[in-house]
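Chain naming follows the written order as A, B, C and D, and within any one chain the residues start at number 1.
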Amino acid sequence: MQIGMIGLGRMGANMVQRLLRAGHRCVVYDINPEAVAALVEAGAVGAASMEDFVARLEKPRAAWLMLPAAITGQNVEKLAGLMEKGDTIIDGGNSYYRDAVDLAAKLQPAGLNFVDVGTSGGVWGLERGYCLMIGGPQEAVRRLDPVFATLAPGAEKGAKAPPDAGTAPFGYLHCGPSGAGHFVKMVHNGIEYGVMAAYAEGLNILKAANAGAVRREADAETTPLAEPQYYRFDIDLPAVTEVWRHGSVIGSWLLDLTAQALKDDPVLAGFSGHVSDSGEGRWTLKAAVDTGVPAPVLASALFDRFSSRGEAEFADKLLSAMRYAFGGHLEKPKAG
Amino acid sequence: MQIGMIGLGRMGANMVQRLLRAGHRCVVYDINPEAVAALVEAGAVGAASMEDFVARLEKPRAAWLMLPAAITGQNVEKLAGLMEKGDTIIDGGNSYYRDAVDLAAKLQPAGLNFVDVGTSGGVWGLERGYCLMIGGPQEAVRRLDPVFATLAPGAEKGAKAPPDAGTAPFGYLHCGPSGAGHFVKMVHNGIEYGVMAAYAEGLNILKAANAGAVRREADAETTPLAEPQYYRFDIDLPAVTEVWRHGSVIGSWLLDLTAQALKDDPVLAGFSGHVSDSGEGRWTLKAAVDTGVPAPVLASALFDRFSSRGEAEFADKLLSAMRYAFGGHLEKPKAG
Amino acid sequence: MQIGMIGLGRMGANMVQRLLRAGHRCVVYDINPEAVAALVEAGAVGAASMEDFVARLEKPRAAWLMLPAAITGQNVEKLAGLMEKGDTIIDGGNSYYRDAVDLAAKLQPAGLNFVDVGTSGGVWGLERGYCLMIGGPQEAVRRLDPVFATLAPGAEKGAKAPPDAGTAPFGYLHCGPSGAGHFVKMVHNGIEYGVMAAYAEGLNILKAANAGAVRREADAETTPLAEPQYYRFDIDLPAVTEVWRHGSVIGSWLLDLTAQALKDDPVLAGFSGHVSDSGEGRWTLKAAVDTGVPAPVLASALFDRFSSRGEAEFADKLLSAMRYAFGGHLEKPKAG
Amino acid sequence: MQIGMIGLGRMGANMVQRLLRAGHRCVVYDINPEAVAALVEAGAVGAASMEDFVARLEKPRAAWLMLPAAITGQNVEKLAGLMEKGDTIIDGGNSYYRDAVDLAAKLQPAGLNFVDVGTSGGVWGLERGYCLMIGGPQEAVRRLDPVFATLAPGAEKGAKAPPDAGTAPFGYLHCGPSGAGHFVKMVHNGIEYGVMAAYAEGLNILKAANAGAVRREADAETTPLAEPQYYRFDIDLPAVTEVWRHGSVIGSWLLDLTAQALKDDPVLAGFSGHVSDSGEGRWTLKAAVDTGVPAPVLASALFDRFSSRGEAEFADKLLSAMRYAFGGHLEKPKAG
């Protein structure tokens, strides 16, 4: 079927490629004309403006946005102003699900459908397919089924789904009304942060397994390592992450990627350790708070990212100031 | 090759089965004679006592123990008393790695080898193979290679390892001297707790996504749900965990099992939620503390298990007592 | 000066008492006529309706609301409809600071002032005085100074403030524009949750100091207590909390209350341990998330309260289900 | 009475001063002769060696050690070799309570008493008095009562203890057999870490209350601040911490110190934020783990200190490496 795509960054461009390969027809638009040109080369129809983009879509129109969360709302509203009753706007970005709830309500009087699609798969989606978590009106979602089926991994891996299993085994799922898709994707990413942190903390402990071989000085400010004889292991992290991929309980795709990253560079010299977070982890925590659900692991994972960017510094200065005030303790220099 | 196995519970018996199927010869012993008889049926040689067990092993002997951590030490020592220079004792249980360090040192004067094997794979290992994390003297470990290669998943899944990749791609790894195997397995399980908790917390939030559809009373003790219009989703958890298995970033074997468990029973009525922990999570935390490595996610995951068993109760009573003391706040009855 | 008070629950009634004792004139109103009558007895002027209440206030009117957060907004709006340019509405309840920001903006066109006063002190405030954190327009706040000075503890305790120290040493502070008072109070309570939890967790550990004297069974599901010889202390918690009040680093008012509560009942039999939370802890966490500030301690404290009310149950069932799926582990009955 | 003191650092020297002022006789020793000379000046009897020190003590001898945990054990053993049946060694340092249990057992055959005294009060103890948590044999502890009564704050503050209240209201407490004193002090410090972190996190959030006034760029890697209009407060932290000291629920001695520190320097420019930890916080966490008591707040507080010293760096690099692997996300530069 025909579909329009606005936002031709890494994610959007790859999705267009995957759709074109499967024979779908794509109209594409981006504020960067080079991004448009690259996909026209690949078989897409390019648009020079949002007006042009809308004009090139067949009715009922289906326009997919793949934009940063911060500018999605304004683009949806602009696009909506150019569309007609029965048309559908799809937001596949990492938007806040509440925006989807609000936008859907705003577009409904004009007869426009709003479909939110949480999209997981990253740069691997082009080849692996994307896991799609979909929210929106039944009929609009149903009409987009060929697009979802193409973007999702499908049954490629030989996974034969039972006849009544719905679309989930093919990698896409209609999760509920507008907002449900981004809600499920939000929690997906919240979980992702927790899973990533679990591996990272564990591997950091393995890296410290040789702490007993390093001499430490004894003073009132520093606890001597308890029983150094038990910390004299030099663990080969690339080999350990590799072996865990085979038959262990913690095998996962994130572990596959971690093993490869450590194989490429065991000390990860290319990274400084300032970890970004792109919204969903925060929103997941707010949802936990609103609904009274304990989420200490997901919270700890998020807060570590904040700390990695230096955001605990003032709090830590306060701790040092208190220690100095009650005990005269001076700070020690940062560990090498 | 020939190998002896002591401890024929779920794990030990399955490992013997896997070894027998591959043509290895197994001598088996357990305090429960029925467990011995069952494996004799399958082709193993049964022993009537530990002495008998040792007598039936060819030199240099290799005896594998698969026992609860609490009784492993005493059994290793008893067994060691019956063995000779050059023999090897393998502990494949969930033992504390420090016991391995200590036992190896204790056995060394008699010329006995101690090999610790962290074993992951659970009840699935019989078919999938076990992921093996091995510590011990080079020569003893090398001699056991055929056993490890059989117990591990191997290259069955078509994963072709590069010639210089070592054994990790086959699912077993010599991690270092005695204790290194259990150390790596300990951290593996610490990670496991964190990964499990990440999924569990996230799914608990998804389950609460309909909180806005439930009426709550307004009083000074209860915060009304902020903006209930954003919490009106009825999420199908079995379908969501299924879709995440296909192309998402958080695909994993634990997710596969979770999706299956929710398919079997979406409300998990068969479980009360008192979660056990079998040692490694605790030891991982202690290692983090000893070595000064932050592990907030792994700690939160462990503490939630303690809380699930009622161990926070006195602390919570204290909180209620304080609230009553400063604010006259009375407790409200437990939710649902 | 004259001031009106709406909401004569525990807090509101005590505040009126404290104001009356200092010679202020109070007009009081509550939907419960008995609450009004009780304060009329004490010297206040009672009102029969909100209209009557407004009519009895001298211009420029000052009306203080002390109501549950859930119904404060609607009462402010109703009251605003009855008031005139130059009048001031004060919200002293545990309201969300964002409501203060919004209400202030809403009232401004009519020339009404909105002042938000975070009020700490609980049932002890009547005698000790209340700590007041104030947000709102400079002039309106200045006009209310006699009321704040009376409600606050003042210099009663002999604390002589330096001439340029402002009002903070007297227990009240103008923190900024509308919303600033509730913002500071919100964070105050977030901190309160963390401090309370620190004491509660520590005392729970002290209570377990005799764990080594209790026999535990050894099986594969239960880790035996490491080195029971180190856990044979029977700690007298009432005495310990008392001794900490004298010269230790952790002396505090919350500790004073805790020591008294434990003296009254060392096992806290009157409490079941379902701990409420009244909003500020949640809002604090959301503010941390919004601003990217790590708050793992405050988050853990909040989540423990959720768990105390059974809200982790489904997550814990999931953990047990996963453990059963990969290891065949069955749950053990809940501890004691 | 007469008492010996070994270790004349900040704590030990102050304690001798406090004892001398109350008329006790003190024999003092330190490897640093200047420290000895300073106290001889103040009226103490100086010793030139440990042997000399022991010779100057009256029988039954009482020798108090105030040394770093790392060297306490060896000094106790050396001292014990010089003492006789009926003598008492007191360890007042921040030692591991397990060492006290072990040392007491070691000294018992020779008829020597071992008394462990957890000592809180820091540099303020000289004037305020020290809070003493005591473990050891009944008779030896009773004999030292005059020393404990002098070192503790006593009833100076007008707190009149009821006749049957024991010594706790005077600031010292016999908590149980050898080890109990350090156990209680250990948990005291664990709580201290949690309380400190609660204040620090809360104040860090207050500091960020103006986040909405700072412009941020919008891109796929950065979540825009949700609703900046709610984060436009410039909070005066010195004033807020001061006001909280008067009548609020979170008043405490640590808050008193924090308010003073912020008054002295609102931005704490003198501190870099690398927070030390001196053992007890770690041991508290291990005790929680051993006894199965959830302590997420105390753990989070400890781990933040580790992170403040850069110990999360490798874990954070792993997170960035994973993000790059699945999403092509590049790190952003560290926040200002």
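Things worth noting here:
FYI, a contact is a pair of C-beta atoms (placed from the backbone, for glycine too) under 8 Å apart; a residue touches a chain by one contact, two chains touch by 3 or more.
Source: prediction; values computed, not measured.
Just to note, of B-D and A-D, the chains joined by more C-beta pairs in contact are A-D.
Rounded to a multiple of 5, the C-alpha superposition of subunit A onto subunit C involves a rotation of 180 degrees.
Across the assembly, the mean Cα position most removed from that of subunit B is the one of C. Two copies of one chain, subunit B and subunit C, form a contact in which over half of the residue numbers belong to both partners.
Measuring from the averaged C-alpha position of subunit B to that of subunit D gives a distance of 37 Å. Per-chain Cα centroids separate subunit A from subunit D by 43 Å.
Touching two or more other chains at once are residues 122, 197, 199, 201, 203-204, 226, 249, 253-254, 282, 288, 290, 292-296, 299-300, 303-304, 307, 309, 311-312, 315, 326, 335 of subunit B. Chain contacts in this assembly form a complete graph, since each chain touches every other chain. By the touch criterion given at the top, residues 249, 282, 285-286, 288-290, 292-296, 299-300, 302-304, 306-307, 309, 311-312, 315, 326 of subunit D touch subunit B in their complex.
Here subunit B touches subunit C in the complex through residues 9-10, 68-71, 94, 96, 122-124, 196-197, 199-201, 203-204, 207, 218-224, 226, 253-254, 257-258, 260-262, 268, 270-279, 282, 296, 300, 304-305, 307-329, 331-336, going by the rule given at the top. Residues 97-98, 101, 120-122, 125, 128-133, 152-153, 157, 159, 165-173, 175-177, 179-180, 183-184, 187-195, 197-199, 201-206, 208-209, 211, 225-227, 229-236, 239-240, 242-255, 284, 287-288, 290-301, 303-304, 335 of subunit B are the ones that touch subunit A when the two sit in their complex.
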